[in-house]
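Naming follows writing order (A, B, C and D), and every chain is counted from residue 1.
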Amino acid sequence: MNYQAILENIQEAMAPEFGKGRVADYIPALANVSPNKFGMAIQLIDGTQFKIGDANENFSIQSISKLFMLQLVMRNVGDMIWTKVGKEPSGDAFNSMVLLENEKGFPRNPFINAGAIVTTDMLMSNSKNAADQFKNYMRLISNNPSVDFDMDVAKSELGTAHVNFALAHFMKSHGVINNPIDALIDIYCKQCSMSMNCVDLATASLALANKGYSAICNDSVLSERNVKRINAVMLTCGTYDSVGSFAYRVGLPTKSGVGGGIVAIVPNVMAISVWSPELDRFGNSYVGTAALEMFTTITKLSIF
Amino acid sequence: MNYQAILENIQEAMAPEFGKGRVADYIPALANVSPNKFGMAIQLIDGTQFKIGDANENFSIQSISKLFMLQLVMRNVGDMIWTKVGKEPSGDAFNSMVLLENEKGFPRNPFINAGAIVTTDMLMSNSKNAADQFKNYMRLISNNPSVDFDMDVAKSELGTAHVNFALAHFMKSHGVINNPIDALIDIYCKQCSMSMNCVDLATASLALANKGYSAICNDSVLSERNVKRINAVMLTCGTYDSVGSFAYRVGLPTKSGVGGGIVAIVPNVMAISVWSPELDRFGNSYVGTAALEMFTTITKLSIF
Amino acid sequence: MNYQAILENIQEAMAPEFGKGRVADYIPALANVSPNKFGMAIQLIDGTQFKIGDANENFSIQSISKLFMLQLVMRNVGDMIWTKVGKEPSGDAFNSMVLLENEKGFPRNPFINAGAIVTTDMLMSNSKNAADQFKNYMRLISNNPSVDFDMDVAKSELGTAHVNFALAHFMKSHGVINNPIDALIDIYCKQCSMSMNCVDLATASLALANKGYSAICNDSVLSERNVKRINAVMLTCGTYDSVGSFAYRVGLPTKSGVGGGIVAIVPNVMAISVWSPELDRFGNSYVGTAALEMFTTITKLSIF
Amino acid sequence: MNYQAILENIQEAMAPEFGKGRVADYIPALANVSPNKFGMAIQLIDGTQFKIGDANENFSIQSISKLFMLQLVMRNVGDMIWTKVGKEPSGDAFNSMVLLENEKGFPRNPFINAGAIVTTDMLMSNSKNAADQFKNYMRLISNNPSVDFDMDVAKSELGTAHVNFALAHFMKSHGVINNPIDALIDIYCKQCSMSMNCVDLATASLALANKGYSAICNDSVLSERNVKRINAVMLTCGTYDSVGSFAYRVGLPTKSGVGGGIVAIVPNVMAISVWSPELDRFGNSYVGTAALEMFTTITKLSIF
């Protein structure tokens, strides 16, 4: 397929979709991003890349970091991770405390905030410097030694992280958290602040499209078994409260972030990353979702 | 691939899995089924069939009927269906009233009881004899004119259908239900009572594996768009409270029933049906799930 | 105290309070009542009566019937009643299914709908004709042989009783209900439809103000122990979701109904009934509540 | 009435009630208290005192502190307090986050933990040294200049205060909390740690029994209006999840703590304090509740 032409078609078709969503505004660093940005990158499993628009412009990956932190912890502790966090869709808001209370501090999955905080806590227990380890992993798999935290964003996040503090303290009360909460939330805010672009993210996700092997790294980053499982968790839990609609419209394993970025996987074919800052009411990029829907409609690459 | 050999391997490997689940016992007709039954059938999109064990023995399809009722209503009313029922995983038990109350009588998806009752209600509004229409649709797509309701099962179901009556009345209070509740629950119990075997169910599901076209019917039963969407709903909502685990372990769009049957789709390749009456704690066939997991592990046919 | 003068003061002071609430409109029989009605009656324990305004005009007692049904069942089965219904405030709406599900069909108290339905079910199990028995009890304690059901209201209620049917079916699924649901809800709607006036209700409540003895009946209608307990349940559960505000503002054991009636008890002193059809957002008479607050403020008869 | 004789009868009658509850054990300082302690003190509004058993032995007042903090804040800010906290029973556990989430950080009442934390936060906003101000208020109303925090208890509480930190952070995310959370929870733990005995507590509660006037202080500590209101909140919210049972059995405005202490008010007659460390499953003193029930049964001083 002529992926470059497809990307161009999509970019053109997206013009009327701008202005329908809303840029995240809970911290200034996100609120100040121009709403009209649009970038998209494709990384085929053989290493070929296609990109369009603002695909080389950095943005805050936010919750997409949960996808990579999950990988890192699965590499470290294997299936032990599932003793501390589930893999079922939550049916409730990503930052809800209700289920957490009903289920005694055991988060439903690693892509809601509570579950991601547990994941980060597990890395802390296995690493002298969890933030550095995460950063180095991101540099390795994105093949870009310059990707880094945005410390301004991290600091802003920390200043408004009251719900995350509440989730962490509540899980601590149930014995689920092992590390000091101030340090834990500090790392959590850093990982969310990581600044990357569509090309970085598509590259970093390549292993998920190819049984764990990344042609860019020329190495197996993940086991085939873990790849299958992570993709399953992405499909059932990766897009906040709209996983059903996302599966229905796009039909790919996906992880989104409130910075407007989305990563999607076509198993055995490619990794995709799209970015556009305006969000729908669930917190997914409005234009990015539309672009992915158009992509699977044109290419028939939906997994369904 | 030598599917017959694979089925034989699976059947053999399943021996130690019996005795770990529990046969549904809320009505005698289900409780009296022998727990050691095991059947499996594969229907390739070209029409080739493979089968093993008790694949020709009839059982109660129960909640699998929700999959076919959904198809029938989508054929009748198209996307209008989504004005009355959602397509998100519920995060709560299949018969819960909690979400229904929080969301003012709008069921999360068509595979929880409330959503299936709404689906049946919509068919009633479009059909003089909804039960007959459902039966005829099942006969058509299974290519078996003898499939029928089991009226003993239907009667038993009706006698214990208190929660379903409660759900229907509650939705009626929110204006979601249009038909008389006694007649509605009567039809709902009939559709659940339908008696079919693995070969019937694999055949009936063939269109979902082939863009809507069934080689057995030699006809397009569903639109390609609806097929993609139904498969997405199956993956995110098809197996009660364990859709995440199911995606993780099996990795196929699936619909299960408490009679011990499961239907699974490998898009563009095949439809599968497996039956074994012992259930895990979520209500899915214990052995059937293990058999499907082994199947995708051997064949690498998981969609992830 | 000059109660007649106090009643006159209150009636005068209430003028500006009209128009701030909303008459119940879920059935025509209630919607058609004039919003400007106001009546109030006091029944001292020695038998002396005071009344003002529309105190002799009949209205639909609605949920106030739950107070008298509770008495009747306590007379019949004693403390056994508390094996089927609790005596704690619900913290949720009067017709909520959420708590009912969390607590497996055991209603929090006899003054939410679920609890009142259980109470009526218990009377049915102990009585050949529960509706007649209830009517006769009301005639006895109100000393008025002409009080009766309003069959038009009862019929309208039955036609919109979907949530009550849902509650009853749900409790049936938990084995809490013993009688046929259609007959049960029929009686429940009848008891709610009972037509009485302020004088009737104050008289009927007299025993609650005097250790169980009614000077009008010249008989002990209830045991002293049950009176103390019923008053406690009234204070903690008698006014829907505003028991706290009611205790805070009025400070008396109270039971209200959406017909706009309220019954209040000053232990060892008097029973009071007030009626005005406009309701606050919790379902209590807006003017009636203000009148009772003024009454306890003037007389210092609050129990606190 | 011969209150001394009544107290002696109660003490004797309580012997078989020991061993049925469980001493709080979440911090060592509470777990180490002897389970067989029993003290009771009565403070008549004219200043007369009666006491028995361990009435002069200090214990940790724990949640009873919420009653006095509420008074202090009502004295400072008046009815403004109700813009930040409700006055309805919660229907959920005292430390639940569920309602708090549903109601956007607005706690149901000042006697659940979330509500008490808000109350303390309000005092902090009005006081340079809130902890000292609370201590001085307690010394004033108990007429005992030696009552003080138990800093060992306070420190232990702080070490296990994860749920309280979670509640505070969650309310902070809704803008309900104004002061730094570490300082806030520190004060909250101090107030809970306050060490007092039955005589102190009965004395400190005297104003609630006499329209705000304390014969011991020879001063009006509270307004009559606030007294009526605080007593109403005590009755509907003062004993965790068993306010209904408490009203039913005891029939007095009450506040309890997990240290085993209870304060009860007989309006216009007396204040009572009882202490015995074993708790029922709701967190109220098992023997203390039985003693109060016996007291109102003998004296007929229930408000109902």
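The working rule: a contact is a pair of C-beta atoms (placed from the backbone, for glycine too) under 8 Å apart; a residue touches a chain by one contact, two chains touch by 3 or more.
Remember, predicted model here, so these are calculated numbers, not experimental data.
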{"item": "Any chain that touches chain B and chain A", "value": "none"}
{"item": "Furthest chain, CA centroid comparison against chain B", "value": "D"}
{"item": "Separation of mean Cα positions, chain D and chain B [Å, integer]", "value": "56"}
{"item": "Centre-of-Cα separation between chain C and chain B, whole angstrom", "value": "48"}
{"item": "For chain C paired with chain D, centre-to-centre distance based on mean C-alpha positions, whole Å", "value": "32"}
{"item": "Multi-partner residues of chain D (at least 2 other chains)", "value": "none"}
{"item": "Inter-chain touch pairs (all)", "value": "A-B, A-D, B-C, C-D"}
{"item": "Partner chain A, residues of chain B touching it in the complex", "value": "86-92, 99, 108-109, 227-229, 231-233, 235-237, 241-245, 247-248, 251, 253, 267, 302-304"}
{"item": "Footprint of chain C on chain B - complex, ascending", "value": "96-98, 100-102, 160, 162-163, 165-170, 172-173, 181"}
